[in-house]
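Okay, here's the structure, questions in a sec.
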Amino acid sequence: MSLFESLQIALFGLVTVFAVLVALSIAISVESKIFNFFVKKKDAKPSAEPKEQTVKANLTDIIPGQLKLIDVDEKTAAMIMAIVSDESQIPLSELNFKYIKAID
Amino acid sequence: MSLFESLQIALFGLVTVFAVLVALSIAISVESKIFNFFVKKKDAKPSAEPKEQTVKANLTDIIPGQLKLIDVDEKTAAMIMAIVSDESQIPLSELNFKYIKAID
Amino acid sequence: MSLFESLQIALFGLVTVFAVLVALSIAISVESKIFNFFVKKKDAKPSAEPKEQTVKANLTDIIPGQLKLIDVDEKTAAMIMAIVSDESQIPLSELNFKYIKAID
Amino acid sequence: MTYSFADTLVKIWEMSGFATITWQQLVMILVSFVLIYLAIVKKFEPLLLLPIAFGMLLANMPMTGLMDGPLGDQPGGLLYYLYQGIELGIYPPLIFLGIGAMTDFAPLIARPSSLFLGAAAQFGIYIAFFIAIALGFSPEAAAAIGIIGGADGPTAIWLTSKLAQDLLPAIAIAAYSYMALIPMIQPPLMRLLTTKKEREVKMEQLREVSKTEKIVFPIVVTVLCILLLPSVAPLIGMLMLGNLLKESGVTERLSKTAQNELMNIVTIFLGITVGSKAVGETFLKPETLKIIALGLLAFAFSSIGGLLLGKLMYLLSGGKINPLIGSAGVSAVPMAARVSQVEGQKANPNNFLLMHAMGPNVAGVIGSAVAAGIFFALFGK
Amino acid sequence: MTYSFADTLVKIWEMSGFATITWQQLVMILVSFVLIYLAIVKKFEPLLLLPIAFGMLLANMPMTGLMDGPLGDQPGGLLYYLYQGIELGIYPPLIFLGIGAMTDFAPLIARPSSLFLGAAAQFGIYIAFFIAIALGFSPEAAAAIGIIGGADGPTAIWLTSKLAQDLLPAIAIAAYSYMALIPMIQPPLMRLLTTKKEREVKMEQLREVSKTEKIVFPIVVTVLCILLLPSVAPLIGMLMLGNLLKESGVTERLSKTAQNELMNIVTIFLGITVGSKAVGETFLKPETLKIIALGLLAFAFSSIGGLLLGKLMYLLSGGKINPLIGSAGVSAVPMAARVSQVEGQKANPNNFLLMHAMGPNVAGVIGSAVAAGIFFALFGK
Amino acid sequence: MTYSFADTLVKIWEMSGFATITWQQLVMILVSFVLIYLAIVKKFEPLLLLPIAFGMLLANMPMTGLMDGPLGDQPGGLLYYLYQGIELGIYPPLIFLGIGAMTDFAPLIARPSSLFLGAAAQFGIYIAFFIAIALGFSPEAAAAIGIIGGADGPTAIWLTSKLAQDLLPAIAIAAYSYMALIPMIQPPLMRLLTTKKEREVKMEQLREVSKTEKIVFPIVVTVLCILLLPSVAPLIGMLMLGNLLKESGVTERLSKTAQNELMNIVTIFLGITVGSKAVGETFLKPETLKIIALGLLAFAFSSIGGLLLGKLMYLLSGGKINPLIGSAGVSAVPMAARVSQVEGQKANPNNFLLMHAMGPNVAGVIGSAVAAGIFFALFGK
């Protein structure tokens, strides 16, 4: 393969990657807009599900924060943290708990 | 295949399914009788093992019952329920706890 | 195969097994010596990592010992033991806890 | 060769899906979307229907070669290899191994007459078979269609993969969809065929079943069923091995893996490859609609069969048996048993039929496996 | 063809097991019941013996075709395909991967002379080999029989599948049964061959083993063993890879899966397919009884070999080594080490030999793998 | 034959590794030690590098036959069979299934322009491809080398196994090693190419993404990517199936198994068999060094591509986009995103770029899969 050919292929490849990913980006934008249009019609705050908030939570969790204990003693909290860490196989040092709250 | 043939096969099939399952039902009855005969000879209450009681428990559990806490505070109970639910992968709403008792 | 041949093979096999395992034993001894030589140069107590102590712990654990509870009530301890037993799939009767200590 | 930008672009375009997609593929993609919707939003047996729908989506994207067999020294496509587990009859028995390890046969052991209901509730299989023959299907196809009335996914997939591979996706989708629709299909039939007095019957508490009986049960079933019907060995054998691993109490780690990781892995592979057989040419035929109609019929008549025998047992027992547990004999574990519970409670709020319905329910699994074994003995290669 | 009810009934009957079962199959089914009993009630290595026994049960039900190979375009039976993992030598090394990930070699590293005991306790392999030849077995069969004395299931299955497939179930069953019987086989020999004074010896506490030594160990063993004996690579290689995954501390999720789910899946498949080779024609022969007798002999002489070298080490060490740890060299992890512990404590209630016996115990796994490698090098195809 | 002790000894010796080891094998064994060291001590992507290194060790022990294919009725070696999962293109898509089930695409959905960065950061692929051609590599080999710049292990293994199997170990090792070295490769380039003002930019919080959008996303990506580029189906299809299993919320048990046990099993098999291709004859060539150099170049230029487009987006957005998130577009999830976070925080302690960098980061996975699909469409058999 000549160098010129290989340059062409390289360019072609890069352009195609861009084409596919830009197409994807447009598709996702359109899809999101359609979706949000329908949602707004339905009601005001439908996306306030707990799952959605995790993105936000992740963002602020990075601040080496304080753990708030609400109606829970420290022993119980430690146990919960250990269980979560074990279950999720994430070392405790890498887990951030915002608060632990008792279910009353 | 003619309709008459297919009717015959259908009948034959249904009869055979019945034959096999009735044979099975007889075999199980006989087996249970033999077993219970030997058990009665041995002693009076050998089947009072904890495992056996679960069948009974399941039966009565269906009554949307009250949870009794015996020597356990509610926080601990909630945690136990969460753990059992997580471990067994059954949503909490589908789990029925009869009572939670502390091991003293 | 003649009996004499089979005797020869048997002897040969046993000798070879010994040869390989003795070679292995020498290799491990040498390796340990080399390693310990380097370690002593580094510092005095580098192998005092928690992991290493488990060998020792196992040794003394065999004594049907008493469970010490440090800043932990019995209920919590029972729960921890149940969780560990369940998670590790080892029946409680086969697990030995030396002590359970609260994380303060 | 000299390389040219334009030529490459043309080559890429010609090999892209946009240039080659057929209307059948487009329709199939839309069908896969509907199934994904049903699986996720309507929760139609999502563990299998979602992988099936995704497999269907992948199989109908043009030019992927995912289902191509090996050619010369060039390996085949991913889904071709994963499909071997169905082609060779491996996945359904492994699923049954896991189901066996999850199933508690105690209610059946405590009341062996449950097995009669588990037999009667295969009635729809033979109604559908008869009508399918009348509609011109081959005996093999008719048998595979009939087995939808067994209300048991792995059994239906196993038999269809042996007798009529082309119908595999249609039959699997019908089986799993109707299983999800049991709470809509059965109640009208239950109310139509039973009197309020019958539905109110409170059944006697089941006796306790000893550990030994539970251990001996899978062995007895294995020996008896396979002696009577050798062709049923892969299904009943694995179902009962799974149950033995569970009940023996000494192989818990094997039982846990059989019902969790092994079953999940096989379920993923089974789902996407069953779906991947749903290509437009074979799926978009009038036969598929007929299969879907016949499947509904089969489900309905299986439920009716169970209910009618339930009524008979009500009479013969002097009113001790609640006929509502009969419809649970179709299998569709545990959905059908729950429907019996709900209908029973509607008639009498103190009526708890769940455990009583579990007997016929698990009997129905054995019943449809036996029915599949008979068909395979008659029409198998 | 015209269909007739009567003909179908005859066809079904002729294809049923009742019409065709042989007395050999009946006997084998009874044997499988005995094994199921031993596995569940007597807890004889149930993780393998229960699947083996169930495989034996299935394989001896007539007309199932479970073990048939593919014929033309018709696929083979379920157990035929699952058996490929043994046929191709895949399952035993994968089991060893899991065992490696579960094994702590620290006691062996702390006292490398344990390896001498792990070598001596392969003595019975060669005694059994010699007598098997004398009894007229072929060299391949004699080697496979001898390896029972290695007290290591996967090693025995691996070698037998390579050298003498017909003997596979007999040898596997003997190996696992005698492993379960270690607490009955060894104590009499231990008391016969050692004095009370010897048994009372309290051993020095083992030194601590560093993490680095534990990580380097599997690499050294791999390199040295496989250089010396290339044929041992699949077994020792996978055993040591499993151990490295565990000890490295950086691949915990791989180590966990290797010792749990992967091992459980392979154990189920290995068990049922080993059992499925136990069909009447090959199993119900005088050879099987001979194998069982020779297996017991092999276990006994392996224990004796370990004990005698233990006594020699007692002498040479000036009484620092308790000869009871020698019998643990047969492997049968961790059963044999526990027997050493129990016997030691009987002689002296303050004697805790468990950790000291774990060294020879895990050395025995390496020892029997090496012995299997030698036989394979000599007699392998 | 008459048996002789001496002859046997000679036979054993001749078949031992000591007699037959070549200097290439010795060198490769040393290389495997270095890789084991890097995996364990330096924690270089140990989940794959440790099995790869161990596979390399096993493959270079002489005379083991581990990689031999079947010969007549004699089965092949263990690693030969495990390698079929790569040969047939099965393992990499299954790994992608697990990765899909672990990946949260929400940051990408919230800011679709992340995909531009995920495209730009494939730049190095084409630089390396071009230079590889200039150095005399075949187009197939150059494509496989270029794909190292995709910073995605399974993609690189998949493409290389299709186009240039001989280069598989070198390319896999380079890909995983450089992924581990991202925290050393990228920061100098980041500081070189961006101003402090740019690095200080705090980005707007990402909008919340609804569950429906997350569910629709994998379906849209599947349809669009595979329609545009059918050859990408096994990778993108499985990646998106895994993501759908996760996001649907109704198939949690499948998602868990896909990302844990299934992935771990495949990772072990993939690792050892990739490593086992690294035999001296093919690995110890000047080409390997060239591949390693080109791989570093590819990583660097991919990072540069992402950073440069990041700068452009900074300009076009009026300073709202921090160009540091561009380098995360190489993929190497989540390492590259963490590097962006760290560098951003160095410039401005209140700057939290992690979530913003996750968008380009996961876009990079799609980007390199697309790049691999293009190469396969151009040069695949």
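Just so it is clear, A, B, C, D, E and F label the chains in written order, and each chain counts residues from 1 on its own.
The rule is short, and it goes like this: a residue touches a chain if its C-beta (ideal position, glycine included) is under 8 Å from a C-beta of that chain, and two chains touch if they have at least 3 such contacts.
Small disclaimer: the values here were computed from a predicted structure and weren't measured.
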Reference chain C; chain at largest CA-centroid distance: D
Interface sides of chain D and chain F: same vs different residues, half threshold: different
Identified repeat of the B-E interface (over half of residue pairs identical), from B-D, C-E or C-F: C-F
Contact-richer chain pair [C-F vs B-D]: B-D
Farthest chain (mean CA position) relative to chain A: E
Computed distance of Cα centres, chain D from chain A, in Å: 36
Computed distance of Cα centres, chain C from chain A, in Å: 41
Gap in Å, rounded to a whole number, between the CA centres of chain F and chain A: 22
Sites on chain F at which at least two other chains make contact: 8, 12, 228-229, 253, 261, 374, 378
Contacts with two or more other chains, residues of chain C listed in rising order: 1, 9, 11, 16, 79, 83
Residue numbers on chain F that touch chain D, as the complex places them: 87-90, 93, 97, 215, 219, 222-223, 226-231, 233-234, 237-238, 241, 244-245, 248-251, 253-254, 256-258, 261-262, 374, 377-378, 381
Interface residues, chain D side, partner chain A - complex: 2-5, 8-9, 12
Interfacial residue positions of chain E with respect to chain C in the complex: 104, 106-110, 112-116, 118-120, 122-123, 125-127, 129-130, 133-134, 139, 142, 205-206, 208-213, 216-217, 220-221, 224-225, 228-229, 341, 352, 354-355, 363, 366-367, 370-371, 374-375, 378
Partner chain D, residues of chain B touching it in the complex: 1, 3, 6-7, 9-11, 13-14, 16-29, 31-32, 35, 39, 46-47, 49, 51-53, 55-56, 58-59, 62-63
Chain E to chain D touching residues, read off their complex: 8, 11-12, 15-18, 21, 29, 33, 36, 39-40, 43, 46-47, 50-51, 54, 57-58, 61-66, 74-78, 81-82, 260-261, 264-265, 267-268, 272
